[in-house]
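What follows is a set of structures for review.
Heads up, the next two complexes both have chain A, just with different partners, chain B and then chain C.
Up next, the complex of A and B:
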C-alpha cells in the first residue's frame, strides 16, 4: 500500500494510529455504491431502447452536456445529442454497424451542449440481447476526447502538409523530368541536324573534288586532302583529267575564305578550268579565262573573291620518252620536283597574281621535263604555313619543305604523299588550314628499278 | 467475370426465380441487407454487390472522376445487370442507391422492370423553393469532417485484404468494423456525391412500378421527402414503416422484407 506522493511506510504492527486510518479509507471505498459509481463515473453512461430513445443516463454526461435528466430520459434519442454531422455519421455508419456486429468501440463523434458548444467524444456501444437473442437495449459509454481530438487534428493537419509537400515534390520531379526529356530531345535534334549538315557537306565536298584520280598511262598520281574543320567545306581544290588523246590537264589551288561562299567559288573555278582546258589547253589561256570569269562575277561586288591556282598540262612521253609539263600559276606557291637523282627543285613561277583580282591577269608560266623516277609535287599553303615550334609561332616555310623534299628524294608519288602525310600529322594543332597535295610522277621503271626485265 | 469480381457480386436464392437486385447506399456494404436476404431468397433470386470503392470491391477500379457523379454508381448497376444478363429485374436501392437505380432504369429499361426505393432522397439540402431535404450545405461539411475522424479499422496496409479475397473471406472478417471500412478518400468522394446530388428531375423519368419505403422517424430522409418522391412518380406506392432510423432493413427487417414481398407479389 502506498500513499500518494510518499515513500512506503515501514511495517510496524505496533502503530495503531496508522492502521486505523487505513481501515477508514477502505470503509469509505466500500461505501462507494454501484449507484454512485454509475452516476459520478469519470465517463458518460447511457442506455437506450433499440430505436435510440434514451432510457437511462448518468449525471456525468448530463453535466457535460448541460442538460436536465427530465428533458432527456424518454424524450430524446441518442442521435439527438449529436451535432448534425455526427447524426449523419451515426445513421450511415454507427447504427448499421452496431446492429450488424452487436458492439462498436471508439467511434469519434461530436455532441451538442445546451450552451451551443461542441463536445468531441469517443463512443463505445454494446447491444444487450434477451434470452432469444433478440436485441433489447443499447449500452453506451462516452469519453471526453477534446484533447485527443485536438491531437488527432494536429496529426491530420501534418499528414495533409506532408502529402502536399510530397505532391509538390512529385510535381517538381515530373517538371525536371520533362525538362530533361526536352533537353534530350533538343540534343538529339541538334545531333540529327549536325549529321544532316555533315552529310550535305560531304556530298557538296565530293562535287568539288574528283572521287578518284583517273589512270594516267605510264605515270602515277597520288593526292592528299585535309579539311581543317569537319563542319566546314574546305577552300582547297585539285583535279586531273584528259583533254585529248595525248595530253592531261591538272590543277590545284586555294580559294579565299571557307564555308559555303568559298565552296561556290571553288565550284565556279573548277568547272571554268575544266571547260577552259577543253577549249584551249594552253595553261596561261586557261587561267586567263578563269581570271575573266571570276572578275566578272565577283570583281565589282562589295565582296571580291579570288583564288591562287597552278594549272598544268602534261604530255607523257611514249615508249620511255620524257614527259613534258607546262604550268601556269596565279599567285600560288611554286611547284616542287623531286628528282630521281635525289635532288629537289622548285619550278619558280614568280610574278603571277591572285586570280580574279584585276580585270586582266598577270600569269607566270614554267616548263619542266619529268624523267623516270621524277615526281612533281603541287601543294597549298596549308603545308608551308603550318605553325611549328614549341610556341607555334614560326611557319614551316618553303625552305623547310625544300629540305624535306631533298631528304626524301627520290620518291614516287604515293611515297611522297605518305611522307608528307606523316609530316602534317606531326604538326598537330599547328596545322590549322585546309591542305591539298597532288603528286604526279614517272615510275622509276625498267632501266632503274627493274633492269633485269628491261632487256629481254 | 470481371464485373462479378470487381463489384463482389453474390447471388443466392432459386436460380430460376424472378430476380431482385439489392444495392447498398453510402456508408457500409452489401451486408446491410443480411437480415432480409433470407426472407427474399425463399422465392426470389437475390443479387448482392458492392459499389466500386465500398466493401470488398476492387479498389483499383475506383476513379475519382467516375465516382464523383451518381451516373458512375448507376453505371456499376448497369454493368452488374448486363454481366448477369438480367431481364425485368426488381432493383432495390437503399438511400442514395435508390436514385442510382432510377438512372440505371433510364439506361437499360429492358433489364429493370420495377424499383424499390428504401428511404430515398433525391435532394438532401433544403432550398428556397420550399423543398425540405433536411440539411444545409454546412451540415454536409460536418459529415465530411466526421469521416476524417473515423477510419473504422481502415488502414492502407490492410486495403488489399479488405479489397477482395474471395478465396479467403476470413481475412476481411477479422477486421473490426470492416463492413463499413472505406478508404477515407473514397468515402469523402462518395459522401460528396451522395449529399450534394440533386436528382429531383430524374424522378419524372420513372414509369415502372415503384415502391417507396420510408421510416416514421428518419434523421436523413424526413417524412416530407418520401411524400415528395411518391408524388413525383405516378406509378409509385408509398409505404411508411413504423421504424426508426435510416436503415429499416436493419432496424425493422421483418416489416421491410414484408413490404418488399407484398410489392413483388403484386407485380405483373
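Up next, the complex of A and C:
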C-alpha cells in the first residue's frame, strides 16, 4: 500500500559507460534514499517497544501531528498519539489483537495533532520477533485517511440525501395517493349527487306527466313524449282524466322556455287545469281560469311566463252513438282529425291567444264528432317546427303534417302515434324541441274497452 | 348553426330603436333582455324593435318580446315591432300574438309618425 516515493528502483544498467554513469546516479540517489525514504515517505512510520513506547518515528508523521522528535521518541507511547476514543479502541481491541495475531491491517483510528485537531488515519502494525520467537518490537505504518474519511462522509451524506429523497418521494407518493383517494371520493360523491338529481328529475317529470293513461270506455288513447335533452325537465305536457260519469277531459300544451322554470310552470298549469276542469268542464272556462292564474302569478313579474294549450272535453257516445269532442285553444297549433274514410282535417282554432299574456283570455273553440275509425291527434310544435333542411327556414310545417296524416288515415291512435314516432326519428338533429303527441280514437270495430297505451 | 345575436341602439325623437340581428333563442335571448333592462322609457315614448335581420325566434325569444311589451306598458310608452320577417309573423299568428303586438312594415314608418298608434300592420287590441 505504501509505495516508496521519489526513488525508483535501480534498473538493469546498459552499456558500460552509460551504465557506470547510471550506477553513479542511482548510487547517489540510493545513498540517502533509505533514510530519506523512511523519513519523507508519503505515510507515517513508527516503531515501538512492546509496551508501546515510541522508539523511532519518521518526519512525515511528526509533521502531520505537529510534534518534535525529541518530545516523542522515548517519551510517548503510541497510544498517547491517539484521541481519547482512539486510545480506548487501541487498548481494548487493537493492542490485544496485535499481540495475539502478530499483525493488523488497515485499522481506522483517530490521532490527535498538537494543535488539538483530529487526524483520521488507517493503521497497520506488525510485530517483529527475535530468533526465539520472542516479540521484540512493533512496526507501524500510518496512512492519512482524511481524504478517505471525507470521501466516506460524502458517501454517507449522499446516502442520507438519497434516503431523504426516498423519504420525500415516499411522502409525495402517499400524498398523491391521498389526493387520488380524495378525488375518487369526490367523484363518487358527484356520481351520487348526479344520481340523486336524476332521481329527483324523474320524480318531478312524473309529476308533470301522468304515469299511465286511464282506460277510456269504448275508446283508445295513445301518447308519445320526445325529450329533446335528457337532463332537462320537459316543457310539454298532457293529461287525460274523467270529470264525471260521462265525460273525460284531456289537454296538451307547451310552456315557453326550457329548464326548471319551464317545468315549474308546467306543473302549475297541469294542476290548475285539472282543478278547473272539475269546477267547470267547459273547455273555454278551464283555459280562462288558467289564463287568470298565470297572469295573476306572473303577469307583473320581471320574468313573465306563458304557455299554449289545447283543452278538450270528450263525451263517448255509448253503443253506436257518436263521440262528441269540444276543444278550446290558447295559441296552440290546430288539432288534427284522421277520418275513417281516409281524409285528414284540421280543427282550426284561430284567434286563440298564448295563455297568460293578457288579463282576459282570448280563447278559440271548435267542435267535432268522432265516428268509429276516427282519431283525434293533438301535438306540440316540436313536430311542425322540426327542421327538415340545413337552415332554420326549412321547417316541417302544418301542410306536410296534413299530407302525412292524409296518407296515414284511417289509423287507430296507437298506429298514428307509432307512425309519427318514426317520422320524428327521421328528423334526427332537426328535432331540437320537446314534442308531445296525444291521440284519442274510436275503434273502427267497436269493442267494449281497449287498454290505454303510453310511452313517455 | 347558431348565429350570434347583434343588437344596436339608436335614439330618435320618438324614442329608442333597437336593431336586432341574428337568432333570438334560449341561449341568446338574455342579451336582448339585458339591453331592454338598460333602457329608460318616458311616458308617451315609443320603443321600436327593428327585426328585419332576425333569423330565428323560439318561444324564449317570444317571451322576451312580451317582456318588452310589459316594460313599455309599465312606463306608459308604446312598443312597435318593425319589419318582422315572415317566419316571425307566422309564429306570432300561431300564438295569437298578432292581436297583441303593434306591427309595422319598417322602422322609418314607425318612428316617422308622431302618432305611434297610426296605420299599418295589426293594431293592439288592449
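The rule is simple: the second predicted complex is superposed on the first by the 250 of 456 C-alpha atoms of A that agree within 3 Å, B and C clash if a C-alpha of one lies under 4 Å from a C-alpha of the other, contacts with A are read in each partner's own complex, and residues count from 1 in each chain.
To be clear about the criterion, contacts are C-beta pairs under 8 Å (C-beta built on N, C-alpha and C of every residue); 3 or more make two chains touch, one makes a residue touch a chain.
Because the structure is predicted, anything quoted here is derived from the model rather than measured.
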Looking at the overlay, does A:207 come into contact with chain B only (first), chain C only (second), both, or neither?
neither
Between chain B and chain C, whom does A:156 touch in the aligned arrangement: first, second, both, or neither?
first
Looking at the overlay, what does A:167 touch: chain B (first), chain C (second), both, or neither?
neither
Now for A:352: first (chain B), second (chain C), both, or neither, which partner does it touch?
second
Contacts for A:189 in the overlay, against chain B (first) and chain C (second): which applies, first, second, both or neither?
neither
Applying the document's definition of touch, where does A:97 land relative to chain B and chain C: first, second, both, or neither?
first
Chain B versus chain C as contact partner of A:306, first or second or both or neither
second
Return first, second, both or neither, reflecting whether A:393 touches chain B, chain C, both chains, or no partner chain.
second
What is the shared patch of chain A, the residues that chain B and chain C both contact?
none
Would you pull the chain B residues touching chain A in the complex into a rising list?
25-28, 31-32, 34, 95, 135-136, 139-150, 152, 176-177, 179-180, 195, 217-220, 243-247, 250-251
In the complex of these two chains, what residues of chain A are touching chain B?
50-52, 77, 79, 83-93, 95-97, 99-101, 104-105, 107-110, 149, 152, 156
How about chain C: which of its residues touch chain A in the complex?
1, 23, 26, 55-56, 58-60, 62-63, 66-67, 70, 87, 94-97, 99-100, 125-126
Looking at the complex, which residues from chain A come into contact with chain C?
235, 254-258, 299-300, 302-306, 308, 330-331, 333, 351-354, 357-358, 362, 364, 381, 392-393, 433
